[in-house]
Amino acid sequence: MAKVHVPFDLRHLAEGAAVLEVRGTCYRSLMAALRDRYPVLEAALVRDKAFVLDGEILDSPLLEAVAPASEIHFLPRIGGG
Amino acid sequence: MQGFAYEAPSSLDALRARLAAAQGAGELTQVLAGGTDLLVQMKQGQRAPGLILDIKRVGETQALTVDGDWLTIGASVPAAKAKAFPLVAEAFPGLAHAIDLIGSSQIQGRASLGGNLCNASPAGDTIPALIANGFEAQILTADGLRTLPVEAFVTGVGKNALASGEVLLALKAPVPGPRSGDAYQRFTPRTEMDIAVVGVGARLTLDDAGVIASACIALGAVAPQAFLAEAAGAALVGTRGEPQALEAAAAAAMAVAKPISDKRGSADFRRRICGVLVKRVVAQALERCTTGGTK
Amino acid sequence: MSEAMDFKVIGTRPIRPDGVDKVTGRASFGADFSLPGMLEGAVLRSPHAHARIKSIKTDAALAASGVKAVVTGADFPQVAAGAIEGGEGGGDFADLAGNVIARGKVRYHGHAVAAVAAQSRAQALAALALIEVEYETLPAVLSLDAALAESAPLIDEGLMTSGLAEPATAPSNLASVIEMGNGDLDAGFADAALIVERRYQTPTVHQGYIEPHACVGRWGQDDQAMLWCCTQGAFDVRSMTAKVLGQPVGSLKVIPSEIGGGFGGKTTVYLEPLALLLSKKSGRPVRMVMTREEVFRATGPASAATIDLRMGFSQDGKITAAEATMAYEAGAFPGSPVGPGTMCVFAPYRIANFRIKGMDVLVNKPKAAAYRAPGAPQALFATESAMDEAADKLGIDPIELRLRNAVEEGDSAIYGPKFGPIGLRACLEAAAAHPHYTKAKDAGVGRGVAVGFWFNVGLQSSAEVHINEDGTVTVIEGNPDIGGSRASMALMAAETLGVPYESVRVVVADTETAGFTNVTGGSRVTFATGMAVVEASKDIIAQCCSRAASLWSTDEDMVEWRDGAVHPRPGVNVEAKPLSLKDLAGKAGRTGGPLLGKASLNARGAGPGFSVNLCDALVDQETGQVQVKAFTAIQDAGKAIHPSYVEGQLQGGAVQGIGWALNEEYVYSPEGVMENAGFLDYRIPVASDLPMIDTQIIEVPNPGHPYGVRGVGETPIVAPLAAVANAVSASAGVRMTELPLSPPRVLEALDQA
Amino acid sequence: MKVHVQTEVNGEAVEFLCDPTATLLDVLRDNLGLRGSKEGCGTGDCGACSVELDGALACSCLILAAETQGRSVATIEGVATPEALHPLQSHLLKSAGLQCGVCTPGIVVAAKHLLEEDPNPTEEAVRYFLAGNLCRCTGYDKIIRAVLDAAAEMRGEAA
């Protein structure tokens, strides 16, 4: 199962968990699994954070494949100058 | 810019006649020399004349001459030309430096000492240097000429002593004798392109024994207009510019400085910098007295 | 990709393809375009920092001489909230639309209220004076403290703080809160032998590009519209303008002019929707050009910030704990770069125990815009000042202290993911060995060191490579060339195709000619668009191989591309001379038609950029004036495609950072009017203020790019703030924690020393 | 009422009608189509509109077009010959002394004026002379080097 690192400021939406083990083979199935367990968290992540898969910030992760060993972070969005 | 008519008379008589006609017709007339302040003020809506009278084609305003003991700088002579004039560079290095501090190289290609004086900004760089060097303003009147010391020419923020129908024609000063030196320094946050937070001009003359015989210290940007700080000069006369004399001059200058607080500096900061600059400027002028002038 | 790559043209310093146009005055910038029958537009701006608009009467203006159209907020559609895509994080379309023209309320002095198009600019300006606006003025909120005060006037009455553990129950000026953390903060501080704790403050500053915003808009009766403008991203202008006007994206064509600087400030729209709506109403093309004063009053700026920092260190200089509370001014609408700020603040270091809180706060100032590494300079000013103080107090060399804590490949960044190959250690080691650092200081001079960091981004890019019939090459891409990127694209195409640099021309095309491409920003152009150019060039190579194989009546896998030509593979029994690009270009018509390569991608693998800056500064103890005596910028570029333009990025960023540190700031009246809205009193550095800016490019190749490139455009502005402040602190003998280090502030500090 | 002006621009006689309020920069750009001079500030603070008027360096945004009657104006468009760039232009390109390029025309005009006055300026002299030409991209380093290199070349020394 992929490791989802819950952002510090959203851990209250995941019963305080810092890391969740989530099943999913792609972005969509992973987020669906997350939504089943923590719907408010999932909504907040989609709304406010960028999806980071194995260190790569992905602005359009829709079709992204997720491996069982993948590490997923959610970060504040970055603007560029 | 609000609309106006533009005219450029080419002789003193034509200029005088046009001024008289404008005065008679009640036209709001603005004299134009280099225009580097005037155009900015018109663009920003601070001035809206009905008639612009460009005086640059009047030969007398372009004079740059030494006649006997007097230097004449025509009112519309551009700064770049004035500062490069050999006598200015050699005998008035402080004034030359003040001119060099007016805006950029581009601004100096147009801006005139006459315009800098008429604009009467409290922070105008050449004004303290002109005052310290004893310059007089030669004014074209309806029927002749009159002169005023520069310190009497500026009467307030953006105000000068010209009556309606009068024009500043030239600036004149006696050529300094031996053992004399001038200096001007200003304080700005950047090295260039800023308006003076404080400006100090000085002209010192020594006697045969190396004692300061006369000292004129003029202060800019610490009052509504640049002025002669007589007490500061008096504190130096009879001394050799020893550290305590410099301190006394600085203290005297700070005592008469009446700066305001604005976006460019607080009153306290200005007063303090004024003291620092007085010491530095006097030291520089003193050095020029003994090294004979330039730089 | 490997370090052993043997480059033929990459790394050389040829003259940029657009160079002659730019030194002769031929290059056409935003205000240089005109159309027959064009009207001139002008904007009526709010004279108040905060006021309700009770009514707007435009009849007299519309009736004035030469006036053809007037628009106000009422003429624009209501735009629904929704995130702006394209990497400009934190933006929302409704806020963007509200910033373009005020509706109901003005939120800052200079906020657009109405716009006029007339036959001449003078007529347009005269008409503005005839527009009657009735305001009910409201108290202006001008600082973070005032905005967060209990009874602060509300800038947006509907704004509920997001990011709180418990949903907000009442509106406030706090738009959002971000928190990050790890480890045990109390235990970390308990272990500390030294704790540095201070408040650091940075002012509102402007990007300061020399070219004011400008555009020409033309709307047709068929609702098809065209925009000519200076922008960092034509596609972003297209999507933003279409959204503000409620039009389909495909109905708008945006043609980017040359751009006279942007630094992030030209990644959004201000005039463009106004010009188009005026054009629609008047039936004529409309040109709009901002004055410098308008640029200051209504565009930019970068957020002012207050950062409360606490860092604990062991006796041997290891960071045991770190805590930051960071408040950034968003301006009049949410969206300061506090998010990236929280991620940057401790990014260069390994820290097990930390807490970071970021706050996005509304004030009655222009809506903050991106400025080079948005959010990072403020953050690292705080951290790198604290590191300097710690080094001083612990008696450890400041570079050594940083080396003891520096992140390396494989370390997790404090914001989560693991770093790949990065150049922080290499930059620090280069700094320690640099003559600037090893030479003795002159009397009275202080020396400052600071580290810079920026993520760098990838995003979407497209490129086409056209092979002309004589083998010369045309590259078509969509990133306005803000600092020599055509040269970098040409170098990468030439390298990949094995042709001379001079045979490649690069065209920056409009939104109907180039494939979709995100902004020139985020340090992404040489990386991401460069990657697209390389891919498109490889597409050409594949086609060349295929065509050569056909000509030789063999299979494609029997041939290979080598040294700019197709060769039979070694050992393949084909009697043939190698076919160069030129040979195949000449035969294109007979082998399947023109050679056209293309690529579109969403670039991955933008490697983060680290830098180290060294600064020598001398403080005039009597006046507080600071003179920068020497400055060295060292930065990891991955691979410098055109080293001169990489050096230029380092030098330009250094000087912008020096300006931010020393004299740049917005000065506001108590009523919220910016008092220094011009280059005379908004003091960007001039040539005589500066020494030469020495540079050293470090190359730790980025595995995410075919030639090892990592972005270099933004990192350079991050370190100078602290490098200068640390040098000034050393020279003054007192710790400076608030920027700018203007003479009055330094003198005041000297008094207290 | 419009003013009729006859003047010379880059050695060619030109005449135009303009409003008395029009600046030389307005007329160069809008009437004469010479858009190499840029308006960065309109107040003489940035130098992007630099021209020479009767050989004096000036900001064209602070000159009334009417003032140029019978005078001689030189702009960026007159700096290069059909055959060759001016050494300053070549060295700016060689040194990468421009990034966005919008300040470049003003820098070329101003630096050319400097080198005509002083063929062998020090680095400090170049920096002070060009203090009125703002550049936000380069940090000035490569511009200053280009001017010094061009000066050396023009003096016949190897740059």
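We just call them A, B, C and D in the order they show up, numbering each chain from 1.
Here, a residue touches a chain if its C-beta (ideal position, glycine included) is under 8 Å from a C-beta of that chain, and two chains touch if they have at least 3 such contacts.
No experiment lies behind these values; they were computed from the predicted model shown.
Summed over C-beta pairs in contact, the chain pair with the top total is C-D. Note on chain placement: the centre of chain A and the centre of chain C lie 27 Å apart, centres being C-alpha means.
Chain B and chain C have Cα centroids separated by 44 Å. Computed centre separation for the pair chain A/chain D is 56 angstrom, with centres defined by C-alpha atoms. Across the assembly, chain C contributes 122, 207, 262-263, 679-680, 685-686, 688 as residues in contact with two or more other chains. In chain D, the residues touching two or more other chains are 19, 21, 42-43, 45, 128, 130-133.
If you sketch which chains touch which, the pattern fits none of the simple shapes: not an open path, not a single ring, not a star, and not all-to-all. Here the chains touching each other pair up as A-C, B-C, B-D, C-D. Interface residues of chain B, counted against chain C in their complex, comprise 1, 3, 187, 189-195, 197, 263-266, 269, 272-273, 276. Chain C contributes residues 122, 622-623, 625, 662-663, 667, 675-676, 679-681, 683, 685-686, 688-689, 742-744, 747 to its touches with chain B in the complex. Put simply, chain B touches chain D in their complex at residues 1-6, 8, 32, 35-36, 39-40, 42-43, 52, 54, 56, 78, 80-81, 103-110, 191-193.
Chain contact summary for the complex, chain C toward chain D: residues 13, 15-16, 18-20, 22-29, 31-32, 34, 122, 207-212, 258-263, 289, 291-292, 482-484, 642, 644-645, 647-648, 651-656, 678-680, 684-688, 690, 692-693.
Listing the residues of chain D that touch chain C in their complex gives 19, 21, 29-30, 34-43, 45-46, 48, 75-77, 79-80, 85, 89, 92-96, 98-105, 108, 123-124, 126-128, 130-145.
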